[in-house]
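See the structures that follow.
What follows is a pair of complexes built around subunit A, which joins subunit B in one and subunit C in the other.
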Partner chain A sequence: MRNLLDDYALISPLRYRNIWLKLSVVAFGLIIGVSSVSPVTPLFIALSMGFATVFFGKTPPKFYLALLLAPLGFAIAGSIVILFFFGSGSEVFSFEVFGYRLTANAGGLEMAVLVISRTLGGMSCMFFLALSTPMIELFSVLKRSRIPDSVIELSMLIYRYIFLFLDVAICIKYAQTVRLGYTGLRRSLYSIAMLASTLFIRSYEQGEKLYIAMNSRCYDGKLTLLDTKRPIRVSEAVLTSVYAIITIALFVR
Partner chain B sequence: MAILATCDLGYRYPDGTVAVKGVEIDVEAGKKTAFVGKNGSGKSTLFLLLNGTLKPNNGEIIFHGRPLEYDSRSLRELRRKIGIVFQNPDDQIFAPTVQQDVAFGPTNLGFSSEEVERSVNHALEYVGLAHLRDKPPHHLSGGEKKRVAIAGVIAMEPEVIILDEPLSNLDPVGADEIMDMLGELNHFNKTIIISTHDVDLAYGWSDYVYLMSDSRVIGEGTPDQVFSDPELLRKAGLRQPTTLEIYHEIERRGLAAGDRAPINVPELVDALKPPDLIWVRVPPETRKGDALNLGVMYGDYAHNCPYEAVNATVLHIHADGQAIVEMRRKGIRAGCIMIYDMGGYEPGEFQKIMTDYEIDAVGAMGKKSKKIAERDGIYLDVASGVIDKSILLALSGKRCLIITNGGMVGHALKRIRDYVEKSGIAINVGMIGAREG
Partner chain C sequence: MHVMEGFLPGPWWQIWFALSIPVVAYGIYRLDRLIKENRGILPLLAVAGAFIFVLSALKLPSVTGSCSHPTGTGLAAILFGPAITAVLGTIVLLYQALFLAHGGLTTLGANVFSMGIVGPVVAYVIYKVGMRMNLNFYAIVFLAATLGDWATYVVTSLELALAFPADPGGIVTSFKAFATIFALTQIPLAIIEGAITALIFKYIIQVKGDVLAGCGVLSNARLSKIRGTAA
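Showing the complex of A and B:
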């Protein structure tokens, strides 16, 4: 019924790797990728991250490509504009549309390629994190980064209840659909309003129940965060270093 | 001794709805108590009163002989000792992972992090969910969620566990597993209180029953007392348990005899009068008063139950070679029930037991044992209602093996021995395997 990034992250084998290692790999990739002036470095990062996500993280390649397609679409659209309206240098090609002459020159082409490669590099880093690290693993990172406990606890509860209410919403929507609640615009609007108000009331009730549930287990203002220790393995450290060295070599070249 | 009692307990919701009125109960320590009543009879409200969530308008709750105070320290103490499992596990599970939810209670009790980890491990192991510890609750099935909710309460090591409709939305096998687990907890001296509208469950499971209707307790007693009173059941809006209904019908037809009402299928079977007289086709030279040896009876006479009928007496010769014969029957092969502790499971030994003891049927109790059986391709003839089914199989001469582990071993042994004692039918029961004795 639902297809969330978080669900893929939960089943990824990379979930059980050291989270700080994953975060530094991603941060490294983002910084180097964005500050690189040659398209080769971001493309190399994109390739490595994509390989890691699909091969080590066991994300279905089809799903991964579909995921990449969305940001890539934006990047290509933007690049076309850049290609024809920015940059200088020798003319690469040109053609005429409705009497306007559109010219692409070397500088523009270079910039367009760079934009696309940076987008790919950056997105593949973000997807690596999103598809290998479910939200529940990130709470301990939030805790370490000294964010106030109440904010973290609130976000833990919110995370849990997102799914609960998502299920409720899906059920209500289904119940409305089978009784023809979504035929025609007027009825659809009416149904969706009903869904929203019911969901609001439900969440209010759920809050009451949550309070009772927590109290009956002696709640005294503490939610636990069990910090599981996941040491970095030698093979992971070696692989990461090799990746970092090649990337830096490409970067300073 | 009563561990939890109430005295003229009454509660009215702020909108004026009376939910509990004049309730007096005495729940004994170490017993299984069921509150039975139709929807809206006040069971859930009563439970919220019992763990101090709601404060009664009048009357009081007495825990361990002392009236309940409503300051936060006493409430904390009470809630530590009385755990409550809600009907809908989604109302109870709020942490993002299974492990964190189970850890919630122990952390609140101020356990050190090692103690928290130990109690979480123990509780998850106990309900058979250790492998799902890192999962978020929305990835679990209904039965698994229920077990997480129970684990969250067990981890706090309460003396009393209250479960509101423990079997709602569970499939039969899942329901059976929960009930086995409750039996095991009870075996370790936990007081268990459940609410249900399932009369069959309350009748077969509980030691003591309260019938509730319209916010009041309208009847109480042992299950056979309460459920044998049709007038009371009608007032409560409930029906008779199926076992009891069948028993009353066959008793009325003179086919059953027993001094007490049977609470489960094996006891019902015991109550049946064996047919002493049967029609048999006899050789023409047979005379009245002759002794006939009918040999082993199969097929038309006795499906699936090999009985030897020797020295049957011919009482009457009918036309067409038919005769009425009085039988004295005896089982030709005594059935037995063996219990194997999967805690000491070893595939080689297990296979040897299967062949050496000529086991006919294997049943598994508990998630852990079922998992091992599935992994090692052990075929399970019985997967639900294991103890009752095994007794029935043993009664018809089969040799059964129950594989289980932990506290369920003792629980199963006790239940079968209780049956042997009550029915007077000697079934061989015992432990086998490395952990014998």
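Showing the complex of A and C:
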């Protein structure tokens, strides 16, 4: 049940590469992918990023494919609407539902394919970041930006507590399941509400304890993090530039 | 309901960022002031954020197995008000994108707008109005969570419709189409989420009601009155 991408990032060999290089690769892919007008460019980005994640990042391919399937439900539901209501051009196919005539034309089909490919491209860039960079390393980047300290502090504390509460929640859920707490809709509703309220009360108490513990250790509103320097290697720079050049060539074409 | 990465084209993802950033900035300003007044609030806000995330990581018992994000934001809006919920929502949405592959980075602005801003604001307004009118507390919580969730879903459909207007009929037609297709899952889901949120409050009040009094959600007099009727 606990399937956080962050867990995979922690064991990925790409974790020890320069974070700015990774961030720029991802930002480049995201922006080029979302502004591309042909489906080829996002698909190329998806392929390259997927290859980098699975081959260099050693993410299990099965897990990666399962991840890619997750957004597809949303993408397909949205694309169906686009297919039938968007664009003009020659009719591709049509059928009747409850007396309504639904027609898909060339423009709509093109747009639907484009949107799905953009989603694939964007998701694969995001997965590359999520599966290669633990959040801890992103905090040092965030600290350098102009985002106020209070927000970063809050995100770091949230990050820490996610793992604690997730463990508690999973334990409770197992305990409830073996006691047949999730048989039938009505009982599941009661079970999940009980789980959530227990979790809330525990987290509140935990929050109070944390405040006391940090205050007694001279907490002044700032946790300091040290970041390590990781120079960009020549091979990485070359590979990245080749990828960028091909992508731009596909984009301009 | 998260808009997936890459789904919003051209000017639209930037527009939603432009709309969300001022609200979140105002939330940060409020947050800073709150922390200056009472530093003890920061750990509490942090655990609330983690709580929202963990709720969304657990699958709701529903037909589609969709995530339960709005449950947490409705709760946070009632506890902390919409401005701070916007900040918490932004952080949680970023984590959801990076840890769970819900939503995306370019669509973060749109998702923050629908789930971190509009939903909580609607939930908060309904909660405040309901409390003023002295309705049953659990009914108010149920309505706030359900309607907040529906507001989120309407805004998401609008975001998609604006980006992809139908050729004959324009935005209105495509809005109807998106709204219909998502209504299949979202309308029952919102009712379930409303019920769960109301039940959560019921358990919290029964087990440890002084937490809510401490957050300033309920006065002690009101609390004992609800307890009296619930028992």
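Observations
Please note the rule applied: the second predicted complex is superposed on the first by the 199 of 253 C-alpha atoms of A that agree within 3 Å, B and C clash if a C-alpha of one lies under 4 Å from a C-alpha of the other, contacts with A are read in each partner's own complex, and residues count from 1 in each chain.
Methods note: contacts are C-beta pairs under 8 Å (C-beta built on N, C-alpha and C of every residue); 3 or more make two chains touch, one makes a residue touch a chain.
This is a predicted model, so every value here is computed, not measured.
Considering which of subunit B and subunit C touches more of subunit A, the answer is C. In the superposition on chain A, A:Leu21 contacts neither subunit B nor subunit C. In the superposition on chain A, A:Leu142 contacts neither subunit B nor subunit C. In the overlay built on the shared chain, the residue A:Met214 is in contact with subunit B and with subunit C. Shared-chain residue A:Ile80: touches subunit C; no touch with subunit B.
When the shared chain is aligned, subunit C comes close enough to touch A:Leu185, but subunit B does not.
Looking at the shared chain after the overlay, A:Tyr159 reaches both subunit B and subunit C. When the two structures are aligned on the shared chain, A:Leu223 is found in touch with subunit B, with no touch to subunit C.
In the superposition on chain A, contact is made by A:Gln206 with both subunit B and subunit C. By the touch criterion stated above, A:Met111 is placed in contact with subunit C alone, subunit B being left untouched.
For the contact definition in use here, the residues of subunit A common to its subunit B contact set and its subunit C contact set are 135, 157, 159-161, 164, 206, 210, 214-215.
Taken in their complex, subunit C has these residues touching subunit A: 2-10, 13, 28, 31-32, 35, 39-40, 42-51, 53-55, 57-58, 60-61, 71, 75, 87-88, 91-92, 94-95, 97-101, 104-106, 160, 164-167, 169, 173-174, 177-178, 181-182, 192, 195-196, 199-204, 207-208, 211. Note for the complex: subunit A touches subunit B at residues 7, 10, 15, 134-136, 139, 156-157, 159-161, 163-164, 167, 206, 209-210, 212-220, 222-226. Those residues of subunit A whose C-beta lies close enough to touch subunit C in the complex are 3-6, 30-31, 33-35, 42, 67, 70-71, 74-75, 77-78, 80-82, 84-88, 107-108, 111, 115, 118-123, 125-127, 129-130, 135, 148, 150-151, 153-155, 157-162, 164-166, 169, 173, 182, 185, 188-190, 192-201, 203-204, 206-208, 210-211, 214-215, 221.
Residues 48, 51, 53, 76, 79-80, 83-84, 86, 90-97, 99-100, 103-105, 107-109, 116-117, 120, 134-139, 152-153, 156 of subunit B touch subunit A in their complex.
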